[in-house]
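To keep things simple, chains are lettered A, B, C and D as they appear, and every chain counts its residues starting from 1.
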């Protein structure tokens, strides 16, 4: 499957309605299943159209939630407290999930919530043993069905298996034990009723970690735009087939292990915020591949780059900010909501807080956040934009990453991506655009960048500008530079 | 000290500036120290003036925070995880507080927070051993001073000792071991630099608990407006003297053990929401006494009745809602912020979440909530009112307690209180007004009340209407009815 | 409707005034006091408990029913004592040392009484040694402990430890309260955990049977 | 500036190319390799570590300094080995079984190396038995374990239990990672806990001295 799919085919797909809110008949699907969308223009090119709750390509679920159709829904995530995942503990583990879902849905019903996305992000052993992951998914689905029958509460399950392919080092990506089991969990849970398929795929991460702590932008671009993107193309084509088979949706990937790792390292002052910001911009090139391969959203919560992807694709997006502080601290607590379609807590352990178990607490917080946004939208588009204006003003001037993710700047970054003729060039262009935006704002006094961070901007800019024009030259340069013991080029279809 | 202090004296006090943002010279204080304010009119009588961040009588702290002066500040609360409070554990306990305060302030500085209120609500043994409470207060104050010196972060300490007087049963209120130690902790921590004094006083609670589970409104009014109010008069006059001595502020009391107990029981479906709503309205009569005795705010966070008190007194108020879900679930997640001046998390244990320790997580959430409000206020009064409109619309129609606490309805309730000639009559009047508001709204389809709750409204209304006109008659009726073994009338200055 | 059925309905509906004559009539007709309790009062409270669990009624309505039951018991108890009949189970309940919260404890006590258990309520802020003393005195089959503060959870553990070292070490112990979890119950060696007052009777019966 | 001082500055500033000639000159002047390490390299890395802790520099700058140090060591190590001089302390570090996170572990390894410790990095997803085997082989004075998932915290306990049952049972163990707390360290019998990579060297030295 080649990247530069002819634009005519892409347009054909568009005209056939491949990116739509519900699946058309099977015939048209199967004919388009083998082609990729190559985005050459933006689905949303005015900042005022890039706002929460509304997406040009909403997604309709079986119970009638319309994600991106005007209402922001809470999206709840959760994980186990400290417990070993093994057979002996299984009854206790199942009880945890049972208790999490029933309490959280109970609270959602009490608070008259219009609908809920439940994300089940498995733990590695639950993907390694797909029957375990499926059993929990089934537990969740049963409770969701019951809450619908009892209280009329709408809900939909997002299934996010682990990408365990990195358990082999260097990662074995295109075949083998871990890939097979992961695909099996996707397949069986889609069959069971998980309507949204997601993953935090790891292709390229084996080189990206090191690139981060060295603030090495060349290696970042290699890891994200060459390696990661190629792996996503492989993986998401497989997921697309599964989704078609079970008439569910490919929802989206996230560069969590890349962009969020950079963000958290910056919060911990290990690397500069400015560099983490450039990394975020580049991750959009990689995360976009899921949509090129047929994903329709809602994009996965922890992808702060999702707002850029929403501008490009028009698909609804999950986002997370202040109410995900239980999972990670962030400099984008409010602004992250500016264009969200579902609003997530990212993750929280099932532990007891003074009021209730932590997932129930998150559910309540998310619901109130969503109510506020939906009230504004309900009033008018202008009201929604007013609330969005405050969300943006809250954070944008204080942090470079928040700044580049305003709707206006996200559109500028999105343009840099769709204007490029390859992912490699898109990575360069979006990195330079992010740097340009930061520098301009800093000079205009609109953005606070710490003095000790400023030299990094110039350094990174120079490195990107000096990269070779030719992609093959870049690849062979990088293959000479990077630690060859850490990855296997053949797993990315690269010749050694 | 009598309740019906002559209005002329009250006005004299007003004209002397007794309720102001910073202490005048000592002479004027000592002359007014012995009189009580009797509120006969509202400080805020238009709904549009009852909004977040702005109070007619702002409070200025030593480091230059102006609470009620246009900015909503986060107010952080915290408590220990499961640990026995005893000498052997003291180093670990002190470490907890040390770690809580330094991490939370660090995060506040990183997020450029304009100022923070830290509430230290002690645990019972720390009031019983005032030197323990003082040591922790000092630990907090030291860190706050350090954060101010290092990062320029403004902060102020609210000191909330425990009301341990109920450890004796029936409670010994006006003398004895527990009173002495509590006052000692107030005195020493005020001397050490705690600028805001608060308490959750318990007078009347020994009869109120039973009244709640029986939904007995007569006994509720007796416990709150007769017993509780008399005890607060006693207690807050003492606190007023301490505050004068150390030039700090009496900040306010809360009917936590009354109104919030009712609210939580209603959330757990033990009693009806409608009854809990009436209880909330009546608590305002009791909580008001602190201000009558010289408190200037910010009123203590967990008093949802504070919005009524803000209308009456013009003092700034702490409030808590969705970001206090860690401490209690609530049906007022957004609307509680509508008129807040500080925004609190109520309480959270110092336990580890995935991102950071829970108090640091709360700090981040509160800061983002406040940023949003402050952005709106910064834009204009109209913008603040727009955000407030969504906060109100978010919750008011779904829950009776949320409904009666809209700015408009809070003013109606406040009017019922100041229009009455005694606390007993104020209790009756505000209960009936709350019922009237609920019924009217329910009939107009503006408020959802569950069908099985409706009969309770009529029942409670009839009981209140049938109460004797004469206060003495009411008191002697009640003294015959209630469980006499549970309380000691002499501790309330009542003759047996 | 049979008379015993009428009694049951009167208790369910909390019609205290109807209860006294009905009980007296049943006794006059020669019905065994034990049978009146077992076929009239206990099933009535079971219905009330079920309605509460299903969110059909609130606690105040339960309390009214409990009072009606008490009216009946006031007549029946002396007869039961004379006949040597006692409730099947005796329970001691308390809020632990350092903790003053009693609403939850009181609700649980009420519900256990409704299930015809003899409940001895030691009150709040009860130290471990006082607790052990009371066990020695009353020989209960079940102990119920409540704590609402995270910082009094250790007192719960201390109380259980003290019981386990005492002659009453094999008595079943159940715990509850806002900060309590099943995991904590396991950790400190409690036999049962009840998430709320409504399910306390179920937990108790599971432990006792 | 003395030549050893120049070397120190070159390492601090990560000027790798200056390092090689300076080391060679110092050796030519007859300076003891051990002294070059102790008075040039280790103090340089201490300065770098201090600057990082004070938020004056970021990790990439530390890495550049660490590389400069490595360049020096590449010349010095064969001489040190020949003279029988070894780093004072040997450390084994790993991320526990089931956990693939290695950034934090790698940072700690780098910082310990900067403090002139011999660090053996077993990588990620390391089972307890592999760990015990490596201890037998290398005889370290210190063990450092990392976990980033709540669900691999039990694996940390398992690893410590396995070490405590092995001949290396008295070796000091320190742990760290996002979900780890001092309390957890106490619970599972670790000797030390480091809240972040920056304070790992302090924790290590406290345990070793």
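Following the convention adopted for this analysis, contacts are C-beta pairs under 8 Å (C-beta built on N, C-alpha and C of every residue); 3 or more make two chains touch, one makes a residue touch a chain.
No experiment lies behind these values; they were computed from the predicted model shown.
Chemist: Compute the shortest path length in steps from chain B to chain C over the network of touching chains.
Modeler: Shortest path length, in steps: 1.
Chemist: Which chains share more C-beta contacts than any other pair?
Modeler: Of all chain pairs, the one joined by the most C-beta contacts is A-B.
Chemist: Report the inter-centroid distance (CA atoms only) between chain C and chain D in whole Å.
Modeler: Taking the average C-alpha coordinate of chain C and of chain D, the gap between them is 61 Å.
Chemist: For chain A and chain C, let me know how many angstrom lie between their CA-based centres, rounded off.
Modeler: 52
Chemist: Provide the C-alpha centroid distance between chain A and chain B, rounded to the nearest whole angstrom.
Modeler: Averaging C-alpha atoms per chain gives centres 42 Å apart.
Chemist: Can you compute the centre-to-centre distance for chain A and chain D, using the mean CA position of each chain? Integer Å is fine.
Modeler: So the centre of chain A lies 35 Å away from the centre of chain D.
Chemist: Which positions in chain C are in touch with at least two other chains?
Modeler: Within chain C, the residues that touch at least two other chains are 150, 179.
Chemist: Among the residues of chain A, which are close enough to touch at least two other chains?
Modeler: 79, 349, 354-355
Chemist: What topology does the chain touch graph have (line, ring, star, complete, other)?
Modeler: Contact map by chain: other.
Chemist: With touch defined as at the top, which chains are paired up in contact here?
Modeler: Pairs satisfying the touch definition: A-B, A-C, A-D, B-C, B-D.
Chemist: Would you pull the chain B residues touching chain A in the complex into a rising list?
Modeler: The touching residues are 79, 107, 111-112, 321-323, 325-331, 333-334, 347-349, 351, 353-356, 358, 360-361, 364-365, 367-369, 371-372, 375-376, 379, 383, 386-387, 390-391, 393-395, 398, 448.
Chemist: Using the touch rule from the top, collect the residues of chain A that touch chain C in their complex.
Modeler: 352, 354-355
Chemist: Hey, which residues of chain D end up touching chain B in the complex?
Modeler: So the residues of chain D touching chain B come out as 150, 178-179, 181.
Chemist: Enumerate the contact residues on chain A facing chain D in the complex.
Modeler: Those residues of chain A that touch chain D are 79-85, 123-125, 166-167, 169, 209, 212-215, 261, 265, 268-272, 349, 452.
Chemist: What residues of chain C sit close enough to touch chain B in their complex?
Modeler: 55-60, 63, 98, 100, 102-103, 106-107, 123-125, 149-151, 153-155, 158, 179, 184, 196-197
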